[in-house]
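One structure is given below, encoded as structure tokens.
Going in written order, the chains are labelled A, B, C, D, E and F, and every chain counts its residues from 1.
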């Protein structure tokens, strides 16, 4: 008996989490003699949740593990790439392209999209909060948090029974130099003007010589509130459910070519495409295959191809980047963005 | 190596998915000689997502599996109960109450809330769509769909290349009585007035004598669009991401009594409570322990206790209801609601 | 030298606070041989501040003191009368009518309007807050407050350093039966959900057996917040600047008849008028002098005249009512109003 | 018997379409001995429909035909002039000025205004759509359309039964180089995102090598939608009812001078005026007759007079411009405008 | 040479005002051997202008004159019928149905729609103003006004130089019993509160005994302002451009059957239809031909057919109603409407 | 008996207008042996009424008269200082600081705040209207107006019976060069477009050669309407109730230090402070006492201290400025402001 509604690693890998729709698709392909139909399929999204202007692609490593061994070719934006739903002219961006026998990979559509949609949603939200927090400390108060420094600094929670200001002063007087910081997790019913509370705590600590005590704020924070509260002078933020409950990005997979011919489904653009990126402007332009590299429509500079080989006949095309490399890539792009 | 970012059943059961915060809490309890501190803890939510007026509690069975064997008492609303975030006077409703040594269960806070939050979110959204659809057929197009009838009726997808109307007529002329229904999954760029398209398809089928062909609609539907499109006369709806991506319900666990004394944390109500429910009006009233059963503030009728024993000293208090029983309970309550 | 910008009683009585405009008017009347011009003048308002539907007339006693001895006739709504800016058909209501030689009273226009405008504004606002508070206690925290009961009950201010809840419990534990009530004057930066704070204080006091401790709320309250917070169960309200800074009612004085002939200034209605009032519906209807008593346009019942003699040839027509009588009159009308 | 509610040319010329109001005016003038009263009358408009910033004057030629032979002088802005309702300081612009015996022309007020109001409304709307369309092709689909090129290029209507994309590809495959263009007249119920549909059609045609096929869009287009859809890359627009049902411009005629003296009717400015225009900035300034030419309040450059002689004692002052000349004049002004 | 841009009666009758599109359609029909193609065509509108709920059909008599002698059958709602754009279920209402050889009538589409669109727009607006005015007098101040009573009552225009109130009193004093009424055509710059001005004029006239003088209001009035000002007590309204510039109703003609088979153009419903009307509720329901008379979906009462024969083989099916009969029919329906 | 509800100068000076709250405070201080408690108290405001960005401090002279002889030290912004509720970082600005035995001055809190709140409100509003009027004449039509020039120019009121335009021409024709100006006090019911009326009066006067006649506008004007109407070209404005009924500024007094130690009341910042001002940018920055003079956060320039000694041990620290000096100070600051 299954105690919890979770799939095991093997169930996922064996495509046992797929929709029955695709199981039947596979049966039909076989029955109709279409086993050898080769197709090109794209993964795109029509729009990003909450009117986000950009997203960060994630879940690529898991996708690679899922499709490893399936005899198809896969191209993909690198993990951690900042992308848009459409290019400068409104053409949807394919973040991943699969080529091969449809029979071979049709069963993986459900788990593949599941991996990309959820991971990209959470990663994008985390990136937006990071952009909002600027250089300030950001602590994950969510569930998937993994690594914490060994020696934990002493941070007093100062919002449980008294006013934040009173509790902060009491904590500073009691712990002295041992107090690294105070954490304000003020319940919403007491949050008339949270920035004002932060300012008061800072002022009273400073007035009494506790300038070294840091202030951390938490409690239902999101990218907007992080940006707003930053002006009141806290030293860091704890962010939880706004990231762990981030909206999924609604990727979909569509066949755009069958047996080498473009397919013109309503609402989709047929044929294989190239995604060009200007690394300066972080803007994209999409063309058909036979087109020369365009100039960036924004700055006129050169554009490079963004889709890179991930799997070739089911084998990893190259070593996957480490988490640190992915993080560095993502942060580098964030810095080049003028606005969140 | 872990291929996918999922926890196994055993990892969940062994509380290996808990936040490091609680691991440290446990260490502190032991170090400070508080191992025998007994507490009462409540699970409540401050407000429901998207201004929902009510929710449906789910995840209780999984919660029971998680806590089975932990030497504590647990009371809970039965799985499938329609609940509100607060009672008629604004007092938060505890949907679950745990009593025992805090040391024994503090590690389970993270996985316990995770199970309740996500399951209740999805179940609530599904119930809302069901309420909006009235008696019409509702098909799950999401990922967790499991059981489908053996003999699958023939439903033609009529929105791929031509207009829905033309494709519907072609399908009806080709398949005759074999055509059970047509499915309209019109892409958003072609959805100027979806109700009008449905009405036209219905009219043209009827005009040609295909009154028996059913019309199913799908594509990004949610409770609002299901309710609106119902008036145009379709026979059923396919609903996917609006349910599978439903927002989690933001439950939190708080200690309200320690060693028999009420605890008065800011933003929470201390002490143990009784939740009274009027089964006619589906309204609740919360009181302290020593109060007599109140009358329903709405209809004046009798009220009963809603929190029922789930676990006693870590053992299941009674057999858990079957999925069919839970479904029947939930639907019964939906029928008694006047508005969605 | 004048230390403060206030006029003395004698300066007011001698019309030394009038606008220079009227001093010149008087000179012109005399120079142009219009000393004996007799006029009828009305005091009306085009609209009430803040879209109030009704007002309470005040300042009549002071007006009588001002005009006493001036050889004119004055009719007036009684002090404490609930009035509207216009009758059911949009005709402005004259709350006071003066008849006599214009020379005799033109200098009093400025101080007369000053007395009525400010007193009626404050009284109206006080009445609106009273209506919003229903039967609950209402304490004046403004500046003009005069009489307080001799034996002052013990009310603890519980919002200075700690959280309201913590301070309330501490006060109750310290003072026991000596504690009459607690006062919540929560600063706005801590007022995320003031109703919630009130509910929590009530709950914690009750849980510990302090049901007898009353809760008083204060701090920038007005008629809206008093009405909203009432639902959270406080026992009384302290109201200050919203009443003491109430907007003045913008009364104006206009001549409507000169030497017995109606005067038709743009924007005003000429001729003497009768104001009829239905005491059941609290609605008015205005007619010319020669009209029979109309029926109430709302309920069809009888209507009586609302303008009563105040001064006859400069002598008080009857004894002025006491503050208690005025209060009773005003409260009686408030009770008959269905909505605030 | 009259089969249709239209007036003949002779009925219009003989002022038989005038309001009875003016027939009676004429009788009174004669009866009261005012036959020789000479007046100056202006035609102005208080504001343009739909908050338009500017209009294009039309109907001048028809007005000249109407008044030809009437012994009066008429000055007028030239046909096709871009004008505003008021000058830079808010003074209404007289687009036409009539001088002579009021008896001679009072009967023509109704038909004269009728000609100017309707023609100027339609012409202004056409000009606004032209401004919105930039250099793209604009086809009139309205009723008054007259001349079409002899050799009609082949344009396929691709929205009747199938999807626009499918029908476009079918048309291109069937007609090859004979297909000049496709026309998308998508019904509103299928217009979820018309720009997206245009983009898809363009993409699929290009992908298959039909880059030469042009795309024309039509169906309820107005200046806003033309401007918006332009970005999606169509080659031209068909515009119908938005021009043929354009709102009339509400011109009115007012006497501003009688027997040489200014007349000061409420809401109008008396006396004869000069309208000065800066041809660079397309801004106007209005003065009385005796003022020197002002400088442009915008650029400081010279201003010229805009009212030119149209009729002198009932004779045409000069040859009227041809339709091509009028068109060229209007387009020249449009180009100088920065925004629509 | 054509002096004015109007078509003569004969040009209209000979279809010389048709779009070139239809001239080419006729050529193609002949060239392609489709001269004998018989079709059924409907005239419907997708929605009424300005969110009107209902319209009044007009132009039927002119349409009959246009099509008389053309060998086709025509069914139509009677002139003056109150109709909706769609029936209770959202199906578009055909107000006119033409049957015959398409070759015979295709040239008449342009003038036919022109007649119905404009006449129905003006008539509908006039009916809406009438509904808003209730039983009060309504005078047409537009251009097409024809008949006026012989003996014209004396109505003074009182808004030219002085204030309306002053001028009204002056006129009443000067003319006495000869003054039938005063007309307030207050310019918009003086219209701060037009209702207030009307009330003042009424009051001053009454105060001076001129109760018999009527008040007429005019100047840019429409259905909203007529309804609002009614409450201030005027005796009548003059309405001009809001009716003469009424928006056209956007009727379109579509083929729904060709050679006896339904035609399924996107956005239209194929096949011949019956329009059922409940004369009590003024609601319609549309069905195919073979359906029995339905019950009114609102009141359950009987429904009758609304489309009546107009022409049979080009001959008038019966005598056309007189203007008085049409007016009576329209007014009778207006009375049965609860809201405008 | 008191005829009017006003306090005499002596009553104010003797603190007989104080709230009973403070009388009891004084008793408690004495009873609890706190007679010698020395405190520092600040007067600040949390926000300005109506979202004003800045205020002008007034009432300082009266405050000095009130506190003269009370043995405390008082620092204050100079009368007429432009101030903000908070500095650039959101710290509330203390406009006045009192130091001494609390027993000595607690009784004065009520009258002190009363003097500052009302005077600063009226002065701020007057300054805002002045800023809006630019260099145009501004006449006070309120009640406290005192000095008028001896020789009064002749200004005709032109809005009583006729239209403003007609009355203006009549006045100019009657008085010729003796007419200094006309005053338009148009009642609101005639104010459709007040700017248009002003423009018309100006035009007609100019057309007839009365260019020298000035136009003054009045009637319910406030800073917004003054700014708007300025564009229509009047020469001056009369402003009354918008200034005399200006909202009070809600100053409050709080103890920030007791016996030399900072006091940390919720919502307030403890300890003594310095207010630094950049005289160029009119921006402030607040620091604790021991901080060096900061640079202006806006322009980087030097900042000076804004709090100046007012009373030292109850004696005036220096001669108070004259009304003209205060006026000059205020106007000088207004000129440096870019926007109102």
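Operating definition for what follows: contacts are C-beta pairs under 8 Å (C-beta built on N, C-alpha and C of every residue); 3 or more make two chains touch, one makes a residue touch a chain.
Remember, predicted model here, so these are calculated numbers, not experimental data.
With contact taken as defined at the outset, chain A and chain C are each touched by B, F. Ranking A-F and A-B by contacting C-beta pairs places A-B first. Interface repeat of A-C: among C-E, B-E or E-F, over half of the contact pairs recur, by residue number, only in E-F.
If you average the Cα atoms of chain A and of chain D, the two centres end up 54 Å apart.
Separating the CA-averaged centres of chain B and chain D is a span of 61 Å.
Separation between the centroids of chain D and chain E, computed from CA atoms only, is 26 Å. Multi-chain contact residues of chain A (touching two or more other chains): 161, 163, 165-166, 187-190, 196, 200, 264, 266-268.
Chain pairs that touch one another, listed by label: A-B, A-C, A-D, A-F, B-C, B-D, B-E, C-E, C-F, D-E, D-F, E-F. By the touch rule above, chain A contacts chain D in their complex via residues 89-91, 262, 264, 266-271, 288. The residues of chain C lying in touch with chain F in their complex are 2-9, 12-13, 17, 19-21, 24, 46, 62, 65-66, 110, 114-115, 119, 141, 143-145, 148, 152, 159-161, 187-190, 241, 245, 247-248, 250, 264-268. Taken in their complex, chain F has these residues touching chain E: 161-163, 165-166, 186-193, 196-197, 200. Chain A meets chain F in the complex at residues 163, 165-166, 169, 195-196, 199-200, 203-204, 206-208, 231-233.
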